[in-house]
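Here come two complexes built around chain A, the first alongside chain B, the second alongside chain C.
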Partner chain A sequence: MLTYIIRRASHSLIALVGLLMLVFFLSRLTGDPASVLLPVDATAAQRIEFAARHGLDDSLIVQFGSYLKDLVQFDFGMSLRQQRGAMEPALEAFPHTLQLAFVTMLLALPLAVCLGALAANRPGSLFDRITTILTLAGASAPTFWIAVLAVLFFSLSLGWLPTSGTGTIAHWVLPVGVLMLRPVGLLAQVVRTTMVGAINSPYVKTAWAKGVPRSQILFVHVLRNSLLPLVSVAGDLTVSMVNGAVIVETIFGWPGIGALLLNAIIERDFAVVQACILLTACSIFILNIVIDLIYAFLDPRIRYS
Partner chain B sequence: MFQKTMCMTLLAVAIGVPFMATAQESRSITVVVPEQPDSMEACNAATSNISRVLSRNVNESLTLIDPSNGEITPYLALSWERVSDLTWRFKLRENVKFHDGADFNADAVVFNIERLMNRNLDCSTRTVAFGGLDLTARSVDPTTVEISTGTASPIFPTLASTIKLVSPNTPVEITRTSIGTGPYQLDSWRQGENVQLKRFDGYWGDAPQVEKVTYVWRSESSIRAAMVAAGEADLSPYIARQDATNTETDTAYLNAETSNMRIDTTVAPLTDVRVRKALNLALDREALRTAIFGESTVPAVQLVTEAVLGYNPELKLWEYNPEEAKRLVAEAEADGVDVTVPMTIIARPNIYPNASEAVEALMAMWGEVGLTFTAQNFEIADWLKYLRKPFPENIGPNVQQEQHDNGKGDAIFTIYNKYHSQGTVSKLNDPKLDALIEKGQAATGEERKAAFQEVFRYLHEDIVADVPLFHMVGYARISSNIVWTPNLQTNNEINLSEITFKN
Partner chain C sequence: MLNRLSRMSSMLARDGFALVCAILLIVIIGFALVGPFFLSDHATKMQLTMRNASPGFDGGWLYIFGGDALGRSVLARVIVGARNTLMIAAAAVAISAIVGTLLGMISGYRGGSVDNIIMRLADIILSFPALLLALIIIYLLGPSGFNIIIVLAIAGIPIYLRTARAQVLEVRERLYVSAARSMGLSPWRIVVSHVLPALLPTTLTLATLEFSNVVLTESALSFLGLGIQPPDFTWGAMVAAGRSYLSSAWWISFWPGFFIMLTTLSLNVLSSWVRTAMDSQQSWRLETSVTS
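Moving on, here comes the complex of A and B:
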């Protein structure tokens, strides 16, 4: 297992260097920071002076070399906008995103499993149809629209919840609720589809014939065999949330890494863009290893060596 | 039963009470703005997200621009005089303390000038206001300071309003805190969440009513408006027009921005003044105002508002006269100008609300008088390449969608860069215009005002360098328990001292 983790880590390191290279050069294609950060009226001389002070006048290869050299010394560069170390805002924002992602998945997974399993229990029943419609609607509804609607209804009309921000449990309800809709919808569909397929398997028919209770067949035998695709999709969804739930963070004023990254891209604050991507890439790498380990745990046939 | 009741009570406390606690304590307010401050560095207060927190609240300046008429008024300096072409002498206010207890005096001003001019510091104020000047300062006595500008600057007292003064104990490096002389001092800054200011008891002026202010930021206008409606915030000075739906709490205000289409006068057929006049005559500004820009906007004839020194009140608005526009186009065509050549609108979709709709409407109106335009939308970095020198080559005839803000009180901040042949965003190269601008630049008082008014007249009647659209408005939502009036400076500063409580 340790060998596997070391091998995955070395592969990920290569991928990480490739990613950093891609981000470094692609971000520079989006424009000169001096043109965005300095006022419109800034003279050419002022822009040249700014570029020289921040090493933006060097060739891209030289800039990339300096970046890598600094990186191995854990120097992630300076944020031109915030004028402090680029990793500082990223590290401040990331825990907020992680908390949001994990709380969302923690609530979404059991809910989706219950809904999917109960729907699969009697395919075509009223419960199945209602669940399918609601989960599909949840998975496909535009997050932006749902978020604004939720604020208008729960905060303004009913006055039950704060519109946005952080600080209390009540502040978690709307962002988590809105963010949950898509994972619950997708995961419930995954669970339902795989369980409906599994219910028709010979081993289930054998269990029926042996008189095993329905609940045991459903939640022990069938569900366990449906968990692998669930873990795959749940892993993907978690990864996308760790990358930053940009829309939810933006609307609800959640100080996460998605909103930070979006602003940094708009403002051409390259060092912050790179720091955010480095941080999320490392986390996603760790998350993927965890998902692989869960695979091995759930299916003893899977062995990593 | 008892345990269940206790559990429910604790849950209610955990969920409800902290949320209820966000409702305002007495004499405290919450202000919701679109973005969090990049830093708390006063020398970067030319950046609006910083200025909205610091300017006039935490940090003050030697002089102040009166937003109602653009006049320069005393602030931390009581008076000033020009002692030579290059030197200004300021008499300072006495008995003023910084928040850390340091004295405000001539040495503190010298420290601030040296810090501002330090090239190792990225100071947006230096870039915006003092591009061509090399400031040095000398303490004459504790309440008198002389500032030399290196190059003659007749409007230095105006420029001095942009220098937000910090305590002499501030390090000569970019800081994330700010110690000034203002009525409020920085209390806390929770990264990503809020900034809190508290009233400074040692303030030299009248104590403001509001004791504590919390700034929070939400990028979505609808959320900012909802926060005030829900009682989570007391003031949002910046909400979108579509969210300003409550006549009791929402107010529109002129915000010093003017929307404009800059004409590229260097490429035919736009080299012909008749075609440029036709562009202006073809526009039904009243329809544009009511349908797209908003009824509170004011049709513009020049790129500054009446609060700016040099504004020319005599200029007549372009009338809507498509027949005359067609006649001018036909006349130009008869003289050999190819008016059928397709032209481009260099557009930036989010430059102001409904900017894309405005471009669509302009294309339709210009099309009706025989001028064919297509729009090319650009993101800001690419749009800037077309806006300023060196201009891209071979881009064909074009007009560029833009918005100009002059909240500094003097027309030179508009005129030089936009119209002088050496201006960073100027498409013009007219010796007569250059001479007029330079004449106004060197003058002061009424002579300066008259010179700039003549510049605007010449631009409007003879050159026709622009298609001015509207003096724009912002919308604010103000809760019913406070009184506050936005003004031309509100885009860049929120003077918290002006806020009063109704009860």
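Moving on, here comes the complex of A and C:
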């Protein structure tokens, strides 16, 4: 197990360094931060001074070297825009993203399991057909469109919920509700498909023959079969949400890491871009290991070596 | 081949839901291909009396979906937007499927350090947020349709790569491939004539599924203003444009988003149908039962 984690970590480290390198060089190709941050009528001398102050006048290789040197000392550079350490805004935004992802998955998982299990209970029934169509629609609908329609309906027409921002419980409803649709749709389909497959297997027939109650067969014997695919799809969805739910965050003014990253790129605040990428990449690495551990816990046949 | 096709189509005719989706998709693609020849003028023509006109028959059939903020026909714009959206997605899917499958075959068949390098590169692409990639490339090269295609294609490569590689690892150990190897066939011949045919069904199914994902990603990018730029537009950009008029003219945002959903929904239904139809152990379900 430990050797597995170490090998996994070494692979991820290579990917991380490659990622940071790409982000570093590519983001600098997008243009000069001075042209965004300094006034339009700034003199050439001011521009040179600005570049010198922020170390932007060195060659790119030298800049990257000093970036790596600072990085191993946990110095993530200064944000050009905010006049503070680049990691600070990223660390401020990240909990918002994590909370949103966590609450969404916490609500989506049980809902999807119930829908999928009830649909699989009687394949071909009216409930099954309606659930299938609705979950498919949920998984296929563009998030931004649903978000826009939700704002139109619940905030503008009915006036029940705030259009954007954070603070009260009411602010959570729309972002979580919109973000939940796709996971609920995808996961319910996974549960339904795997359960329908398992219902016809011999061990379930044995359970029937023994007179085990229907609910127990469904939720104890059959549902277990769906757990592995469920965890793997749910894991992928969580990873994409941890990366920042950019659309939902921008539409609902949620101060998460996706919105921060988008702004930082537009403002050419390179240090913040790098800090965001570093933070999300590391947490996704940890998340992936946790998912592997859950796998091994759920299915004792799985061994990592 | 013809026999198989007719068997597939009779299976499709029995499955009502999949049939409806197939017809919808054909209609949307048909409109996207033919419509712009007649409607691209109407998509840009402004008619001041029809500004934010509500959907209905008052303004003639062109304004059946209403008019946008500049008095342009939403129907005409949806159809022209369909062509742009679908063309970008199709090109991106084709490029990433071809490049990804090729790299996956090389990676799986050669193994060793080539495999390692390709897989680490795929790891990097997978951990690279597609949005960031899009922003950077669009800043660098400008927001043309071609560059959007490249962004979407690069982001899609790892899926095909991993699938192809996993399959090649399995196929190359099969007896007929070993036999071909022992008969002295060149690796290139083996891959093209023995390994590739085994990969095709999975790759095609994956591509239909990915097509709907790419449509969604492209729409999200253009919603954020990172897609092709005006005067060209796709469905995502139309939704974004209607956001400012949401409380007075909801239909500007509604229709393009509705058609995105219709397209992706149909694609998802069809791809899961194709998956079952291609799987010889599952296809009896489609041939025998009406409900599935």
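Definition applied: the second predicted complex is superposed on the first by the 278 of 305 C-alpha atoms of A that agree within 3 Å, B and C clash if a C-alpha of one lies under 4 Å from a C-alpha of the other, contacts with A are read in each partner's own complex, and residues count from 1 in each chain.
To be clear about the criterion, a contact is a pair of C-beta atoms (placed from the backbone, for glycine too) under 8 Å apart; a residue touches a chain by one contact, two chains touch by 3 or more.
Every value quoted in this text rests on a predicted model; they were computed, and no experiment measured them.
K.L.:
If we overlay the two complexes on their shared chain A, which of chain B and chain C does A:253 touch? Say first, second, both or neither.
P.N.:
first
K.L.:
Looking at the overlay, does A:108 come into contact with chain B only (first), chain C only (second), both, or neither?
P.N.:
neither
K.L.:
Which of the two partners, first being chain B and second being chain C, lies in contact with A:87: first, second, both, or neither?
P.N.:
A:87 contacts neither chain B nor chain C.
K.L.:
With both complexes superposed on chain A, which partner does A:42 reach: first (chain B), second (chain C), both or neither?
P.N.:
Only chain B is touched by A:42; chain C is not.
K.L.:
In the superposed arrangement, does A:100 touch chain B (first), chain C (second), both or neither?
P.N.:
Touch status of A:100: no partner.
K.L.:
In the overlaid three-chain picture, which partner chain does A:174 touch, first (chain B) or second (chain C), both, or neither?
P.N.:
Neither: A:174 stays clear of chain B and chain C.
K.L.:
Of the two partner chains, chain B (first) and chain C (second), which one does A:50 touch, if any: first, second, both, or neither?
P.N.:
Only chain B is touched by A:50; chain C is not.
K.L.:
After lining up the shared chain so the two structures overlap, which partner does A:150 touch, if you call chain B first and chain C second: first, second, both or neither?
P.N.:
Neither partner.
K.L.:
Is A:261 touching the first partner chain B, the second partner chain C, both, or neither of them?
P.N.:
Only chain C; A:261 stays clear of chain B.
K.L.:
Which parts of chain A are touched by chain B and by chain C alike?
P.N.:
Overlap of chain B and chain C footprints on chain A: residues 30-31, 148, 151-152, 156, 250, 266.
K.L.:
Show which residues of chain A lie in contact with chain C when the two form their complex.
P.N.:
Per the stated touch rule, the residues are 11-12, 14-16, 18-19, 22-23, 26-27, 29-31, 124, 133, 136-137, 139-146, 148-149, 151-152, 156, 243-244, 246-247, 250, 258, 261-262, 265-266, 273, 277, 280-281, 284.
K.L.:
Which part of chain C faces chain A closely enough to touch in the complex?
P.N.:
Answer in residue numbers: 17, 120-121, 123-124, 127-129, 131-132, 135-136, 139-140, 212, 216, 219-220, 223-224, 236, 239-240, 242-243, 246-247, 250, 253-254, 257-258, 260-261, 264-265, 267-269, 291-292.
K.L.:
Show me the residue ranges of chain B that touch chain A in the complex, using the header's touch definition.
P.N.:
14-16, 18-19, 22, 35, 38-39, 41, 44, 46, 119-120, 122, 124, 127-128, 131-132, 174, 176, 191-193, 216-220, 222-223, 226-227, 229-230, 232, 379-382, 384-385, 387-390, 413, 417, 424-425
K.L.:
If you look only at chain A, which of its residues touch chain B in the complex?
P.N.:
30-32, 35-36, 38-44, 46, 49-50, 53, 80-84, 89, 92-93, 96, 148, 151-152, 155-156, 159, 161-171, 250-253, 255, 259-260, 263, 266, 268
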